[in-house]
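Take a look at these structures.
The following pair of complexes shares a single chain, chain A, combined with chain B in the former and chain C in the latter.
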Partner chain A sequence: MIDWSGYIGLILQGALVTIELTVMGSALALVMAFVAGLGRLSRFTAVRTLATVYIEFFRGTSIFVQLFWAYFVLPFAGITLTPLQAGVLALGLNVGAYGAEVVRGAVRAIGREQHEACVALNLGRYHRMRHVILPQALPLMLPTFGNNAIELLKGTAVVSLISLTDMTFQAQVVRAQTGSTLIPFTAILVLYFAMATAISAGVGWLERRASRGLDGMRV
Partner chain B sequence: MEWDWAFVREIMPTLLEGLKITILATILGAIVAAVVGLFLAIARRSPNPLVSRPVGFIADFIRGTPLLVQLYFIFYVLPDIGIRLSPLIAGVIGLGVHYGTYTAEVYRAGIDNVPRGQWEAARATNLSIRQAWIHVVLPQAIPPMIPALANYFIAMFKETPLLSAITVLELMNQAKSVANSSYRYIEPMTLVGVFFLVISLISVVALRFLEERFARVDER
Partner chain C sequence: MPSPIIRIDNIMKTYGPLTVLDGLSMNVMPGEKLALIGPSGSGKTTILRILMTLERINGGHIEVDGEQLYHIQKAGSLVSADERHLQKMREKIGMVFQHFNLFPHKCVLDNITLAPMLTKGVAKAAAETRAMELLDMVGMADKAKSMPAQLSGGQKQRVAIARALALSPKIMLFDEVTSALDPELVEEVLNVMRKLAAETDMTMLLVTHEMGFAHDFADRVLFFDKGRIVEEGKPDDIFRNPRQERTQSFLRKIIAAGHRV
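The block that comes next holds the complex of A and B.
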């Protein structure tokens, strides 16, 4: 009979790393999504091109390749990253590229008349975005952002392959030490699902909050 | 370390060997995903809650958990209960079932878009449920879904490097073994990235074509 208590601790430690990666990766992805998404709507061609190249590059190659590139190739260019930094960087930039398209789509979905009203009220470009367009666009973005966050959570499993001790890595350790396969893998599948469910519940709550006061709007 | 073209020429045949497996896995995975998705979508619409509820939960569960862990599950757990699969087969099943849960949503949207009247007309002309599905609903539902399905197949293509974790010798794994034996990472890893980027960009062009061809069925 195997004593499971030590192994449960191991898996929970891994779960903490997974959560840490998801939170930090999502934060980076959110920033990149707004920077690149609004960049694609910029009036300057150079900014638009830069944003497009970033988005197409990170959506065109897989997260796995980007992660390996960040971890194995960047050191040769003199940039050495810890596995955690490489993981957050690759996940954040990858999911950020998907998020950027969401930001762009939501901002473009706000009607022309809103822009025109802002011009008529003499609001500058910054205030137009900050006080009129984004508050209306945000509720449109949130559902897809929630899905992206779940994709990011699922992407964190890949970092186990660059020796970061996340949940998947720890499950492999447990498998190697006990020879049991069903229990560790089922356990982490359930934990991943629980985290994904928590994310969608959290986003659902945010959605209700963000659309408060927008009753009567066509959201 | 400098970029070395001679080394690139030397490793190219190995990488192309891996690329073949990558493409094979994508195509087989796409076929599995297309079939699994259709069955999931139809089962989820079943009037019997004993069928639709569990199927819905299983699909949500698979969609909410990482593909890598599912691949480990198929590759390590199934042999313990007597099902022994080759790495490639395990990988194709993993990819196919995972993306099947995504394509199921596409099918569901496509089926919901077929007007109710078509169902009623099919039933009124005394077609059985099976005949209504095969001869009336699916032929109208599937063409508009093709671009969305193709989108998921491109996404699936980008996930195939995960198969290297269960020892399938696809592009990523070949690149890793080349890199590990020569201790040169720049060329193999960058080339893998370039391969993926080029194929993805070509697929995006193909996708635009599919959208032109199929997405506006009702305008014809």
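The block that comes next holds the complex of A and C.
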């Protein structure tokens, strides 16, 4: 009879790493989404081009390859990252590229009449974006941001390939040591699902908060 | 005789192959209440949008309050104005839109205080005091904390008027401000505008299909067709004795459609 408590502890340690990666990766992705998404709407061609190149590159190459680059290739350029740093970097940049398109789409979805009201009230570009456009665009972004965060959570499993001891990595360790596949992989299945459900609930709450008063009526 | 507050000199406005304004010139005197009428597509709304810098002109010059709107002097020659100049000029002008364009995520009070606080650096308390005065004037003081979505069209438009007034513009532009309203809500907005005309010496330009209101409100009526002023004059002359055939046929159609004159 196997004593499972130690192995479950191992998986829970891995769960913490997965949560850490998801939180930090999402934070980086969020920053990149706004930087690149608003960059694509810039009136400066150079900024637009830079943002477009970033988005197309990170959407167009595999997260797996990006992760290996961050961890194994960057050291040749003199940049050595810990597995956690490489994981956060690759996940954040990858998911941020998808998020950027969400930001751009939501900002563009705000009607011309809101921009015109801002001009008539003499609000400058920054004030327009900060006080009028983004607060209305945010509720439109949130559902897709929730999707992206869940994608990122599931994407964290690839970091086990650069020997980061995340949940999937620990499940494989447990499987190797006990010979049981069912129990460790059922455990992480449930844990991934629980985490994704928590993200959904969190985003749903944010959505309700952010869209307070915006009842879809023409204003 | 004072000089005009708005001088429009030979302006052109085209959208691709379509010419909307074709060498239009007109002056507006300080404090004058002007009604711009005419069939849709005649260019009357475009003039307001150009004055609000929502559309650029393709030729000609506009002077507002003694300064070029779209041009600045640089090294002795007149060049296109930059954003800074436009921002300075926009302080003189306010606009109320057909579809209100309130900020749906902000309550009535915040809709009004936002621009004065951000563009003029007015302190929150002072901005709110002024906003409440304006809301009182438009009869909306009890709705200060309501969200725009909770208001009727007429109420929204009255808030939009208060919002534009909060920046104390010298010139107010009203672009078909009652066209999107249910008929029974039109009068409450018109009443606010009557009050505004009576109590302030602001210059007002009004694009409207409410001929009765234009008649009572305006010092001068301009009839537009195909980007040109076909006829202008005192409201009595335009509405009772239009001289141009085009003005006559337009007014006949309007009356046939059930609008009172």
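FYI, the second predicted complex is superposed on the first by the 215 of 219 C-alpha atoms of A that agree within 3 Å, B and C clash if a C-alpha of one lies under 4 Å from a C-alpha of the other, contacts with A are read in each partner's own complex, and residues count from 1 in each chain.
Here is the rule we use: a residue touches a chain if its C-beta (ideal position, glycine included) is under 8 Å from a C-beta of that chain, and two chains touch if they have at least 3 such contacts.
In this text the structure is predicted, and so the values were computed from the model without any measurement.
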Fit or clash between chain C and chain B when superposed on chain A: fit
Message: With both complexes overlaid on chain A, does A:Val73 touch chain B (first), chain C (second), both or neither?
response: first
Task: Would you sort A:Ala117 into first (chain B), second (chain C), both or neither based on which partner it touches?
output: second
Query: Which holds for A:Asn148: it touches chain B only (first), chain C only (second), both, or neither?
result: neither
Task: Identify which of chain B and chain C touches the larger number of residues of chain A.
output: B
Query: First (chain B), second (chain C), both or neither: which does A:Ser26 touch?
result: neither
Message: For A:Leu189, using the defined touch cut-off, is the partner it touches chain B, chain C, both, or neither? Pick first, second, both or neither.
response: first
- request: Using the touch definition from the top, say if A:Asn94 reaches chain B (first), chain C (second), both or neither.
  value: neither
Vertex chain A; arms to chain B and chain C (CA centroids, nearest 10 degrees): 110
Message: I'd like to know which partner A:Arg175 touches here: chain B for first, chain C for second, both or neither.
response: first
Task: Give me, in Å and rounded to a whole number, the least C-alpha distance separating chain B from chain C in the superposition.
output: 26
Query: Can you list the residues of chain A that meet both chain B and chain C?
result: none
Message: Looking at the complex, which residues from chain A come into contact with chain B?
response: 56-57, 59-66, 68-69, 72-73, 76, 150, 153-158, 160-161, 168, 171-172, 175, 181-182, 185-186, 188-189, 192-193, 196-197
- line: Counting only contacts in the complex, chain A reaches chain C at residues 113-114, 116-117, 119-124, 127, 131-132, 135-136, 213-219
- request: Name, in rising order, each residue of chain C that touches chain A in their complex.
  value: 52-54, 87, 90-91, 93-95, 97, 99-105, 107, 114-115, 118-119, 147-149, 156, 163-164, 167
List of chain B residues in touch with chain A within their complex: 1, 61, 64-70, 72-73, 76-77, 80, 158-162, 165, 172, 176, 179, 185-186, 189-190, 192-193, 196-197, 200-201, 204
